[in-house]
Amino acid sequence: MVGSPVLFVAIPLLTAFLIPLFAYIWKELVRIIPGIVILYLLVLSVSLYGQVLREGTIVEQIAGWAPPWGINLVFSPFTGLLSTLMLFMAFIIWMYSYRFKNIDFEPSKKYFILLLMLVTGSIGIVLTGDIFNQFVFIEIMSISGYGLTAFYVGRDSAEASFKYLIMGSISSMFLLLAIILIYSQLGTLNMADIASKAHLMKPEFKILALIFFILGLGIEAEIFPLNGWAPDVYSQAPGPIGAAFSGIVVKAGIYALIRVIYTLFDVEGSLQFLVIIGMITLIIAEMAAIRQDKIKRMLAYSSIGQMGLVLVAFGIGTHEGVFAALFLMVSHALIKPLLFLSGSYLVFNSTEKSIKELNGLGKFMPLTSFLFALGAIAIVGLPPLSGFWAKWSVLTAAANSGMLLVIGLVLAISIVEIVYYFRVVNRIYFFKKEESVVPKIPTINAKFAMVILAVIIVAIGFYPDLITSYLHEASETLLDKGNYIQNILSVAQQVTQ
Amino acid sequence: MINDKNSQKIVDHIHNFARKHSLWVLAYGTGCGAIEIPPTMTSRYDAERLGVRGAATPRQADLLLITGYLTTKTLKRVIRVYEQMQDPKYVIGFGSCTINGGMYYDSYNTINALDRYLPVDVYINGCMPRPEAVIAGFTKLQELITAGKADGAAKYKEKLEWYRKNQKNVIPNWTMPEYNW
Amino acid sequence: MESLLYSILGVLVSLILAFTVGMTYMGLSRKITARIQNRIGPPFYQNFIDAMKLYSKSTGIHHGVMHHLGPAFIMVTSVMSLMIIPILNDSAFFTNMNFHGDLIFLLYIMTFGPLGMALGAGQTGNPNSAIGVTRGLSQMVGFEIPWVMAIIALMIRYDTSSIVDIMNIQADAGRWIMFSSPFTFIAALLAMLGMFRYSPFDIVGAPTELASGPMSENGGKYLFTMMSSSSIFAFAKLTLYVNLFMGGADNLLVLIIKTFALYMVPLLYGTVSPRYRTEQAVRYFWGWPSFFGLLAILYAVFF
Amino acid sequence: MNSIVIIFLIFLAGAVLTYIGQRLSNILGSSLFLLTIFAATAQFYLRVNTGDIFSFSLNGLEMEWGITPISWLFSLIVLGLGSMAAVYSISAMKAKERLGYFYFNFIMGIFSMMGILLSRDLVSFFIFWEIMTWSSYMIVIYEGRSVQKVGIKYFLFSAIGAYAMLMAIVIIYSQVHSVLIEDLVYSFSSFTLAYKIWLPILLLTGFGVKAGMMPLHVWAPGAYSHSPMAYSSLFSGALSKMGVYGMVLVFSMLITQIPEHLLIREVIAWLGALTAAIGTLWAIAQDDAKKLLAYSSVAQLGYIITGVAVGTELAMLAAIFLAVLHALFKGTLFMVVGAIEKQTGTTNLTEVTGLIRKMPWTFIAALMSIIALAGIPPLGGFVGKWMLYEALIASDHYILVVLIFFASTAGFLYCYKFLFGFFLGQEEKEWAHVKEAPATMVVPMLIFSVLLFVLGTFPGLLLKPIDIGMQELGYAASEGHYWTMSVLFNEYGNAIMLQPILYAIIAIFLFFLVFLTAKAFKGTRYVSTKDISSSGEVPGEFENLSFKENFFQPFLRAVEPVMKRQIDWYYTLVGNGMEALFNFVRRVYTGNGQTYAIYAIVFLVILLLLKSNLFG
Amino acid sequence: MKENKVKLAKYLKEHFPAIIEKDYNYNRIDFSINRELVPSVLRLLKEESGYIHLSHISCVDWLEEEEFELVFIIWSPVDKIKILIHTRIDRNNPVMDNIDKIWRQANTYEREIKEMYGIEFTGLEAADEFLLEDWNGMPPMRRDFDTAAYASNKYYNRPGREDAMDVREEIARHSGEEIPDFAKKYSR
């Protein structure tokens, strides 16, 4: 055993609180330490993941309490995959935001503290096996999210943050309600335990709890119509944070929702509900995206749409569907941050952050523009990039379940997607530059971060088998609910023995 | 054998016969004579029975018909048209204006004698000549062709300098291409 | 070997025949027009005299290679069409170089000439020529529609695309296609009005409007070649019509009678008609003639 | 390593190296560019045999690359035209910017087309298809801002087609559990009827976009006319043939397996013929040579589509024959336009005149390809059209014949407009300085002209490989029945000997040429086009006597009702409607926190109300 | 008709007190005015009174009075009245205001008058030659231009016209009309 899953939560939290202290030693440490921590966690996660794949799921109990009562962390092929992905993204974002906009000492301290907490929260959501604990992590994530959204001083970011806060508090309220309902019925908070006892619940309560969960988690997972906060937050937060939201936070939200629907309850019709709500989210978001004139808002709507597609894929419910959903998540987690990262350099010096100001930057920022174009081509699903394989998986999964209408709608919406992405790309390359815009060449670390993402996208595009086996393993794990319960509860038995 | 003088004579004879009976007219409709052409060609006088037929462009025409007074401005065009016609070609001057200026003898911008500027094969007298006279003119020209005397084009080439001098005399700004065939 | 010799001889003879007959028809047409207009008119051999004169005229100039090639293009078309069309029924050498000639091939070889002439006319640089060419091509698009409909109707009806076969079928049945497929004949006949370019479809030459259009820069030998090729072509077309619709001809006299009778149609129609404008002409062909063509096809399919 | 993979590697490495090389030096880039294409061509023809197979598996899908006779045939178009266009583009693109970008996409274009031809499975087919789309899109927008609308249009329609195709592929995969084309063909007969109808339709939509089939052709005129001419020849000549290739596969493999009474063949054939007719009419109305050729390409592809759709042996033979010839003559014509654009700086037919004496070789190439395009014997176009007519009549498509014949006759109008506009007419002082294009541009054109002539005289040369390819597709061997070396037999057993006809034409031609020139050869001289009968007026030096504007006005007036509205107009209508809808939907996101909170509550209420409907 | 003419005269008098009116029968009315005011009068008539049609511009050479008279003929399709505006300009310095901004077609008439009488229209934009080609002598329509002398000087005169009678004298003798002095020099 290389390390314990507990470290994923403990270390970044600890670091986050210690950063002010490090700052007294050497100011640069504020920037360096988070990177080292994330890198360490990434290495840890990868090695743990390898181990998990070989030996099976790791269940870690905290403070020695056995699972039904105590808090436990589950590092399965599924959660491991997500946590590795998140840490990787966190690392990329750290690399990118190192000296982003030459953030001063004081703000940078806050920035990295909040970033670390955001990562902690997200990973915690994924790893935890306790439903109340998950609520706590959601709160951690949300609060750091509020902070990061309002990072820039200004009316707009404050407003966005406030919107997020309103929605976040609604979310927390309903989550708590759901948890209370479950606890009142079953007397347990452990997910595995709930799952094994779910059939004991009264159906009305079960459905009510599910609805509360959907409402609460749906806000984090950005399903329609609960996603109104997202575009504001994405566009007002600093660029890398937009990337973090789309690459990390949303994934955590989706994970929580999926966990509830797949593992906790086996309510009939919930999968169809996922398909329907996912389609609606996808269609409305893409339609809204085409009419945006600010680049980050456009990306935000696009991100929401993609999440809708992920939900659709999960809603298919078959192994292929889950596989497709995971593929889409991974692919989206790679591409959308690339778009956010390169996009935020493209509008670095502009005041409006509107698409118009991207005109003609292709000549002045060749690499950034190229990476943005690559991301755009990848996200609309053009081969030979990773987006194509993700879309292909979703479509085949849908086809195998006979959902032809879904295929048709998804493809039709993809055309809308093409229109707005190519409008932007054309502007970048073929329009005359606006006089007022001063191009900003990215720092070397930012370039490096973006290039890594691009290389992975291209590599997966040419050879998708790089990741497919992991995804298959992960989807297997998610679907195998009995195994999950057994894994956790057997730990409990070991302890009691 | 072909270049034999006698056989050439026969060939000329046949050619002249054909030329005589097939006069394609380019009627340059200046002045009042232009109105005399339609009756000449249509059913009352029917010049077509003589083989006379209208031609649309100088390239196709054999016979240039100057139907009245020529202003200096028109003369320029007429000379151009004449020079564009293909050999053999003939000119008929029509009405007294082409002969001595007629009633426009003292006009500041009409020429008085056409044969100073173009080689006229036949003049038709009158102001205006009636269609009968016109047909008589055609017949006269046919006779000349048969006799081989309708050699205006050859004369023009021969005395080109003299004609040019006269033409340039009345056309001060000579911007025309040279006559070269 | 002998048959080849015969056919080459046949081609030469039929060329001379076509030239003579075509020229005479043209001359006669002038005479007839004159009589209708209450004139005496030129003698019927007038066109031979004109041709002779044109041949004797000097041809001093050309406007470039394509101008020079233009008349040759037209001549090739006329001679090729004549070569493919059999002149007489079951004749040893008057079948010409007919290789069970394909009607579609004929359709296309007949367009070779106008395009060649159009190129020639184009290079003269005379705007009138170009206008004439555009009119001619437009009109061609017009009359080709009923014409091709008629031909397709024939091909459907008799399951062949060979002129000789069609002639034999008529001989066997003892009935002219003109009577057995009246719609086909009407469509083809109306298309023929456009093909001969007499009034009201003489928009190409239109001497008073366009100064004889595509021919305006051609004199002397060029005009001679054009004139003789149009005579040959006229004869070829008439023979084709006779072959297709009037049962062909057993000897030359019958052929001349039939072709002359057919020739009267566009000629007489022309003498009493004013000139159409281009779009009117084009629309005319897409109106009733095409309707008859459609009827012909339907008739051929269903009966 | 498998030789197919080596070809692909040559292309990929060549593309990247050319891009880098062009950055370093012009000569290096150009030579690498040529080297790549010729190396790959040589590799293909020397090392790859029909029947070579390369199988591998990707993402759990069994894939296969290999070559069949029919794809070998189409590869002739791609590589032949590709290599010639490459030679041409060296001079044509000289002194242009972003050459590396151009070369890269050019190579990627050829690479993807070869990929399409070599794919034996649907997924790699689709992947190469998309590479083809974006690489060509990149070149379409090469000119910059002015063409970005055109580019979007092109990409949008390509995407519609591609996604229709993807949907079909996905459904096929779910049904067959394999993406190999042969498996599809094998199990297609066991599909349900709905799938049997919809799958071909979806696939045909995809191919129809690239082939410029009627309601989907609207991208074509803009895209063909706005890419650099060196690429347009490839674009119209080869790239559009990929759509034809796909259609050939669909029609010969899938549509043969569905009942005839479903009329898919008829509908597509009619669409093809309408494409031909409407495309021709619009070509006549154009004043810009590029646009004219673009519409003409649409029209010509209409014939090919009709032939493929009718799908009898002769029709298919004719269509593929025409496809190859179209690549030859349309490729040449676009090259001609490119040469003229390079030498004069414009392609407007109303501006340029009288180039025949300045660019004689270009003129000869243009003349030959125009004659072939118009389908006049003795050049190759006639053979193809002849076979097409025979096939249509033999398969009882009479009205289609009339429609296509109309298109083909009306085609003369724009053919003449093209030749007259550029080469004939008045020789203006403005263009007195124009010189013949460089040799590297002229030679490819002339090579194609000679090929056109050879194929018109000896169509058997091309019909033989087509026949072999069609046998692979399940058609009966037609050798000896439809063609021998130069004699064509039609459905009724009648024969046309092309060689004697050709010789006769040449003989008569020469005879009259001699007749016209021999005697008065000394007397006949060239005179300038200013020396015309213009009512005696002497045209001034800069006086323009050309007849150019409203060239076919009377004809267009006659067909006005058909041309009142372009199909674009309807698309614009739909597009505007969509935009309005999007605008409306966007208002859902008000940007107001309270509203969002209300949404959440409303959502909750709806869920609670509908909970019995939604959840078991 | 009559009332309209009176009204018109009154109207013009109001605006241009210097204008002199002369009434003719039926639908014609003449006005005379000095040349500076002509464009204003014309513009007023065109834009206010509906005289939208310029029929002609004519010129009279008053050799003895050393003046040219220009006549502008305009017409109203509503009132059906024809107005002739006369103006006189100095023959030695013949300059007139250009009115082709008011009526485009005036351009043609002005070019003709310029060539034939040598009257300059200020700001007239036109090609150099209109009716006469390569003419650089005295404008031929001026009455002091001796066309017979010019013709006999420039063109070859075929002999044989000498016996031609002077028709003018014969006519004068018959009608009792006197030949004016300036015309006498043309008599043979």
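To keep things simple, chains are lettered A, B, C, D and E as they appear, and every chain counts its residues starting from 1.
Please note the rule applied: a residue touches a chain if its C-beta (ideal position, glycine included) is under 8 Å from a C-beta of that chain, and two chains touch if they have at least 3 such contacts.
Please read these numbers as outputs of a predicted model, since none were measured by experiment.
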- Message: Keeping to the contact definition above, tell me which chains border both chain A and chain C.
- Response: D
- What pair of chains has the most C-beta pairs in contact? C-D
- Task: Give the identifier of the chain nearest to the protein's overall CA centre, each chain being represented by its own CA mean.
- Result: D
- Message: As a quick test, compute the distance in whole Å between the mean CA positions of chain A and chain E.
- Response: 93
- Round to the nearest whole Å and give the separation of the Cα centres of chain A and chain B. 98
- Query: Measuring from the mean C-alpha position of chain D to the mean C-alpha position of chain E, what distance in angstrom results?
  - Reply: 69
- Averaging only over C-alpha atoms, locate the centres of chain C and chain D and give their separation in whole Å. 36
- Touching two or more other chains, which residues of chain B qualify? 57, 59, 76, 181
- Message: At least two partner chains per residue is the criterion; list those residues in chain C.
- Response: 58-61, 211, 216-217
- So chain D residues touching two or more other chains come to 523, 525, 531, 533
- Chain pairs in mutual contact under the definition given at the outset: A-D, B-C, B-D, B-E, C-D
- chain D-facing residues of chain A, complex: 159, 162-163, 166-167, 170, 174, 207-208, 210-211, 214-215, 218-219, 225-226, 228-229, 231-232, 267-270, 272-273, 284, 287-288, 290-292, 377, 382-384, 388-389, 392-393, 395-396, 398-400, 402, 404, 407-408, 411-412, 414-416, 418-419, 422-423, 426, 429-432, 463-465, 468
- Seen from chain E, its contact residues with chain B in the complex are 132-134, 136, 140, 145, 147-148, 150-152, 154-158, 160-161
- Residue ranges of chain D touching chain C (in the complex, touch as defined): 354, 356-357, 367, 371, 374-377, 382, 385-386, 389-390, 393, 396, 398-399, 401-402, 405-406, 409-410, 412-413, 415-416, 419-420, 424-427, 490, 492, 494-497, 500-501, 504-505, 508-509, 512-513, 515-517, 520, 523-534, 545-547, 551-552, 554-555, 557-559
- Message: Under the stated contact criterion, what part of chain C meets chain B in this complex?
- Response: 30, 34, 37-43, 46, 49-50, 52-53, 56-61, 207, 210-212, 215-220, 223
- chain D contacts chain B in the complex at 523, 525, 531, 533, 535-538
